[in-house]
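Below you'll find a set of structures to go through.
You will see subunit A twice below: alongside subunit B first, and alongside subunit C after that.
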Partner chain A sequence: MYEDKVNLIKSIQLVGFAVVEMQLYLDMNPCDVNALSAYNSYVARQQNLITTYENMYGPLRSNTSQSCYPWQWINDPWPWEMVY
Partner chain B sequence: MANSNQCYPYCSIWGRLELARAYVVPQTFCGTFNLDQALSTGTLFPELLRPYRKKEGSACTKIK
Partner chain C sequence: MWVYEKKLEYPADVERTNPRLAREIITQYGGPDGELSASLRYLTQRFTMPSNYSKALLTDIGTEESVPIGYQ
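This part shows the complex of A and B:
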C-alpha cells in the first residue's frame, strides 16, 4: 500500500522533470512540432498521475485541486514529508 | 577620455588581438532518455549529457 504511494509519487517526479526539460527546450524552439508533441504527452501523463494520486492519497498542492469535506490539505503527512 | 590605444581592437606587442567571443550551437530535438535515466543523469536530452568522470587518483577520489 505505502509502496504504491511512493511509486506513484516517484512517477510524478520523473514525468515532472521531463515536463520542465521540454518547457525549457520549447522556450528556445517554440516551432518544433515534435518537441511540442512530446511536451503535451508528458503533461497529459503528469495530469493523469497527479489526479490518480490525489484521488487516492489527498492533495499534492494546496490550491490546484478540489477538496472533499473537510478541507484535506492540512492532513499529515505533507507531500514533502513522505519518507522513502 | 579613454586612451584609444587601449580600446578594441586591442594593439599590443603581440599584434592586433581580438576579444574572445562566446557562441552556443542551437539544440535540435532528436529524442529523449527514458524518464528514469533522465532524472538520474540530470537531463532529458542525450545530446546534453556531460558525465564529467573523475580521474583515477584525483584529489576527490582520494578523499573517499
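This part shows the complex of A and C:
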C-alpha cells in the first residue's frame, strides 16, 4: 500500500526530471522537432501520473488540484517526511 | 509566482542528523557563492536579455536553482 504510493511518487519524479531537462534544452533549441515531441510525451505522462496520484492520495500542488472534504492539503507526509 | 509541489524533485531519505554535513549543504545553498544568490542573479539578469532564448533560459534556470530548499 505505502509501497504503491512511493513507487508512484518515484515515477512522477523520474518523468518530472526529464521534463525539466527537456524544457531547458528546448529554450535554446526551440526548432528541434524530436526534442519537442519527446517533451510533449513526457508532459502527457507526467500529467497522467499526477492525476492518478492526486485521485488516490490527495493534492500534490497547492493551487491547481481540487480537494475532497475535509481540506486535504494539510495531511502528511510532507516532502521531508517521506520514506523511500 | 511560486507554486509549491508537495514532493521532492529527487528522492532523498534523511536517515540521521549530521551537523557538519548540514553546514556544508546550507552553505552551498545560501552561502556567498550559493544557489540562492545565483538564482536571484539569473532572475534579475533576464530583464536585460536581448533574445527570447536567453529570457526563457534565465527564467527557467533561476527557477530551478531556487528549488534546493525543497530538499529540506
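Odds and ends about this structure:
Everything below uses one rule, namely that the second predicted complex is superposed on the first by the 82 of 84 C-alpha atoms of A that agree within 3 Å, B and C clash if a C-alpha of one lies under 4 Å from a C-alpha of the other, contacts with A are read in each partner's own complex, and residues count from 1 in each chain.
Keep this in mind: a contact is a pair of C-beta atoms (placed from the backbone, for glycine too) under 8 Å apart; a residue touches a chain by one contact, two chains touch by 3 or more.
Note that the coordinates shown come from a computational prediction; the quantities given were computed from them, not determined experimentally.
In the superposition on chain A, contact is made by A:64 with subunit C only, not with subunit B.
When the shared chain is aligned, subunit C comes close enough to touch A:27, but subunit B does not.
When both complexes are overlaid on chain A, the residue A:38 reaches subunit B alone and has no touch with subunit C. Which of subunit B and subunit C touches more residues of subunit A: that partner is C. When the two complexes are overlaid on their common chain A, residue A:12 makes contact with subunit C while staying clear of subunit B. Of the two partner chains placed by superposition, only subunit C is touched by A:80; subunit B is not. Once the two complexes are overlaid on chain A, the subunit A residues touched by subunit B in the first and by subunit C in the second are 13, 17, 28. Within the complex formed with subunit B, the residues of subunit A that make contact are 13-15, 17-18, 21-22, 25, 28-29, 32, 34-35, 38. Those residues of subunit C whose C-beta lies close enough to touch subunit A in the complex are 3-14, 53, 56-57, 60-61, 64, 70-72.
If you check the complex, the residues on subunit A that touch subunit C are 9-10, 12-13, 16-17, 20, 23-24, 27-28, 30, 59-64, 73, 78-80, 82-84. By the touch criterion stated above, subunit B contacts subunit A in their complex at residues 26-27, 29, 32, 35-36, 38-39, 43-45.
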